[in-house]
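Across the two complexes that follow, subunit A remains constant while its partner is subunit B and subsequently subunit C.
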Partner chain A sequence: MSEPLHDPLADTTPPAAPAAVGAPRQAPAFASAAMRVFDLSLGQMLWSRRTIFLALIVGSPLALGVLFRVLEMFGMGGNIRVGGASAAGATIFGGMIWILYLRFIIPVLGVFYGTALIADEVDDKTITYLFVRPISRSAILVGKYLAYLVTTVFVVLPSVVLLYLLVVPLGQGSLAASFPALLKDLGLLGVGLAAYGALFALIGAQFKHPLVTGLVFAFGWEQLALVLPGYLRRLTIAYYLQALVPHSMPQEGLGSVLQALFREVPSPWVSLAWLFGCTIVSLALAGRIVERREYVLEQ
Partner chain B sequence: MTAKTRYFLVGSVLVLVVGLSIGLVAYYGGMPQGLFSGQQGPEELKYIPGDAAVVAYANVQQVMGSQLRQHLRAFEGSTDEGRNEFREKTGIDIENDIDHVVACMNKKDASGQAGGMVIAKGRFGQAQSRLEALATEQGGTVEDYKGKRILLAPTKHPHEGDTHAEMAMAFLGPNLVALGGVAAVKRAIDGSSESTSVLGNAGMMKLVSGVDNASMWAVGRFDAISAGVKLPDEVAGQIPALTWFSASGHVNGGIQATVKAEAKNEESAKNLRDIIRGFTALAKMQAGSRPEMQKLMPDIQLTDDGSKVVEVSFAVTSDMLDALTAARHAAGALKKPEPKVEPKAEQK
Partner chain C sequence: MPIHDQSYRHYGGDRSPQGRAWTVIAVAGIRTMLAKRKFLGLLILAWLPFVVRAVQMYIAANFPQASMLAASAQTFREFLDQQGVFVFFITIFTGAGLIANDMRANALQIYLSKPLGRAEYIAGKFAVLAFFLLLVTLLPATMLLITQVVFAGNLTFLAANLFLLPAIVLYAGVEAVVLSVVMLALSSLSKSARFVGVMYAGVIFFTHALYGVVYVVTRNTRFSWMSLQASLQHLGDVIFRVPSRYDTAPWVTVLALVIMVGLAAFVLERRVRGVEVVT
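And then the complex of A and B:
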């Protein structure tokens, strides 16, 4: 994963004056260290094999959007149906945001990237190179987390915008009427990526098999808790994210029907507060774990 | 950061900026029609005055040819008697000759009259001459106005002091007929530019664009409607303050309808949502104890995003209508239904 050709974490600033030569170099501050790790990790994340997976997963809704447009060009656009009725472009777009992005893409990206922030360095036995640097361990985590956020946000959000341009005009749909919803979608997807990423970074820092734990949380616990009556759903991220979605919940299965039946929606501000709180607390806990934990590399 | 990474980030930002700019331009009404989508609403909107309080549309072919109508006909046990009589008198077969209708209700004028107009597009053949003959037979008159012939219905004054608006009908084109108040029909003949028609009313067109794909829809300002309806003070006081509304329905085997209303503030919207939730819960409780009623309960969804817009959508499925018809059969209140007619292909 790491490229030992040059040392991007070293302080490469040339000495300001000859008098500084030989003076002890100071360790960079937390923010500066985090930004250096971010700079290093961003390139690694963007051009890794995982990016192919990211491109596939984000490209599939776009491929669907292109397919819908082609169908409409051949006069079959009216056959796209939601709930048995011909659906307008905005309805299809809303459904895709719900089903593809909110319920699948965002948690999956969170799991695959978030759990790998520390676990990949441990698996590749390269974490030692990072930890021997004179920087805070939590700065490494924060830098990698920021790289994850930029990588996913800069791939997912443009794909949503392209999907909006492709799908919303279907069936004489209006870009104008759906524009406020698009802005909300972009915002909530960004918040969702941040929250899931932070939570799975915590899982990645704590558990030995973080990917399995993350998948169980995202596609086991969250799905189950959302359809159960009571307070359990409040222990999920999806519960707060769903409260921010500007589109109607699609009725695509028993799970959705149950969810709609027991649906109790927190206000947007409460949801945002919980999501930000979850992000900050998860990152803080993950940072604390990384600072204190002794990672034993298997030989 | 490598150059490759930098290029990727710049490209990504460019896609975002361009996409959002297109959306923003469209939102503020500057997007040329047809660039990314077709014209918003039917073409006949150009005849609707810009200050119309309510605008409505119905795709007659889609509704008439739908399974929903067959279900309703079976449910009501209706016959074709009325339709046949109208066809014999006017030469117009409503079910086959009319494609769609656009209607509007205007704001009240100084005399307190709201007025309105219906524009129907279809295939009317020789109906004009038959209608003229029928109108004159009934005491109506025909006058020329800017090269078009207007049929004026006889004005009735059933009570002294009653000021009913005079009704008029005119063929705006070989396939287009307008029916409504004389002033409205004459305005339609005058021809409207985009700035004077409802096409130039950005607020109304934004509502139209949100419902444009539906089989039938109505949009308008709520205050224009509520001003014309006298409700008891106790009831009026309980209805949250609303500014505009839109209602749309997709007709097929059943109907999938969406009703949106914008309240004056978030508090009013919350009150309205609470009222709707209350009624929905009450209906579910009523149906809960009766399994046969559960089949008839439409699936009602209330969107709650904390904004001023309250959105309720519900679907009445074909199965529900079947259950309703069966229930009525069981009660013995219905004649044996006519054999089902195959629905026509939906027209766009």
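And then the complex of A and C:
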């Protein structure tokens, strides 16, 4: 006789005593259910072809780092300038974190994985199998969200550390001196991934075409609101994220434009509080929508 | 009771001439998109800049005090530049699922089991995307040129800028071809339209961000060929004979675009196959 198939969502607690056989089995608690979904989703997300592809994209700034090192090796390091002045490696690293990671990679990863948490299950018509399990629907969302967070952190952080090792030593830069900034960067990217992921999970739970809506927010609204005067920029995640950037931006050209835009920034603690609040509220709203919404699968 | 002949019967209908099958895919694709209300809303939104520019031309033509609003070649260049936002979203909305959805539903084998070649299949899908891109670039820009002539009541502007119509056609055509082929290639790489959308956003924004880093470090715009967006902008500046924002030689930009289209065509040739041979 063959072994029964392993069901990771099933309650694996054995019956305590023969007397309890007829008694109804308890559904797992919220945290326990979320962790089981996390366990199931993490394997699916981490070892998928998409994640490998995205890891390659996220790792592509390393090619620039290698290029800068090669330039320096051949004595052309003096040509590497930021804002017209010869730049230290830490400044270049800060610029790359700002332009590539905070402005592009983090929002894109958030859009892709965040909107896919529920929408992928709807597209694959597998959401029914999750929803018929005796667990809270919002626990499914939270479990998947945690899996997203771990996956993206595993994708992004190694790339940042490698980039740090490649770029910071340029122009006699000191790895040790800028190590605290690296730690702040890593934390900052984690906070960004959490905030964007939660927001896009909400969009994914609510909208039928979450990708377009997410892209409109990340590359339409956020870009526009940041350059508008007044309070509109406070309705973006980038506004609070940039307040946590530990690097000073270049003084001329593009850098000065960026600096002018972000001259009035909230304090780091205010920013952290807003980002944390945004994450919690978005997740709570997404959970509420998933609990109440009837997802109609296209035939 | 009559008994009908149930044996094999030859097809008695008309046969379409070979090489026209792509039009069936194109028409079906265009109709499918036009049936979506949200997409229609996006198309209407994409025409709003045309209305704004038309009002600008009306004011310039009727109020001498507002002569600074008069149209020039730069006006048309800027108009097509501004349409870039809509071009981006229409490309994703229309193009992301064009081949990916067929692959997801295993419909490619069904398509290619008909009297339809791979080239015709790709041409049909290409036509769907190119049609909508031209609908928000070529058509409004041409209409804007006509509007200028109508409001001015003379052909002076047109005669002084005879190159404008060919420039609009050429730039809109190049943009539609490059973006459509790149999007089709990406769409053939995955079964998920969502993933394709993200890949396309990556190609557009990430290459531009990489160029941004190189620019900040080197203070040199000669590396604009790294970015698809910058390459198209540069080509547009050259075609419209306006001062270019990049120092890249035009032939380098053209070469970069040709290589990109060539790569996309290679991907399409490898990916769009009726039978996947597993070794």
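Keep this in mind: the second predicted complex is superposed on the first by the 269 of 299 C-alpha atoms of A that agree within 3 Å, B and C clash if a C-alpha of one lies under 4 Å from a C-alpha of the other, contacts with A are read in each partner's own complex, and residues count from 1 in each chain.
To be clear about the criterion, a contact is a pair of C-beta atoms (placed from the backbone, for glycine too) under 8 Å apart; a residue touches a chain by one contact, two chains touch by 3 or more.
Because the structure is a prediction, the values reported are computed rather than measured.
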Combined model on subunit A: subunit C and subunit B, fit or clash: fit
Touched partner set for A:L157, first subunit B, second subunit C, both or neither: first
Partner chain in contact with A:L272 - subunit B first, subunit C second, else both or neither: neither
Partner chain(s) touched by A:M35 [first = subunit B, second = subunit C, both, neither]: neither
First, second, both or neither for A:R50, with subunit B first and subunit C second: second
Subunit C, subunit A and subunit B - angle at the middle CA centre, rounded to the nearest 10 degrees: 100
Which of subunit B and subunit C A:I99 touches, first, second, both or neither: second
First, second, both or neither for A:H209, with subunit B first and subunit C second: second
Subunit C versus subunit B - closest C-alpha approach in the superposed model, Å: 12
Set of subunit A residues, in rising order, touched by both subunit B and subunit C: 83-84, 87
Contact footprint of subunit C on subunit A as seen in their complex: 50, 53, 57, 60-61, 64, 68, 79-84, 87, 92, 95-96, 99-100, 103-105, 108, 111-112, 115-116, 119-120, 123, 209-212, 215-216, 219-220, 250, 253-255
Touching residues on subunit A, where the partner in the complex is subunit B: 39, 42-43, 46-47, 75, 78, 83-90, 150, 154-155, 157-158, 161-162, 164-165, 168-169, 171-180, 182-184, 243-249, 251, 260, 265, 267-269
Subunit C residues within the subunit A interface of the complex: 38, 85, 88-89, 92-93, 96, 190, 192-195, 197-199, 201-202, 205-206, 209-210, 212-219
Touching residues (chain side subunit B, partner subunit A) in the complex: 1-2, 4-5, 8-9, 12-13, 15-16, 19-20, 22-24, 26-29, 31, 36-40, 206, 209-210, 212-214, 250-256, 299, 301, 303-307, 311, 313, 315, 317-318, 346, 348
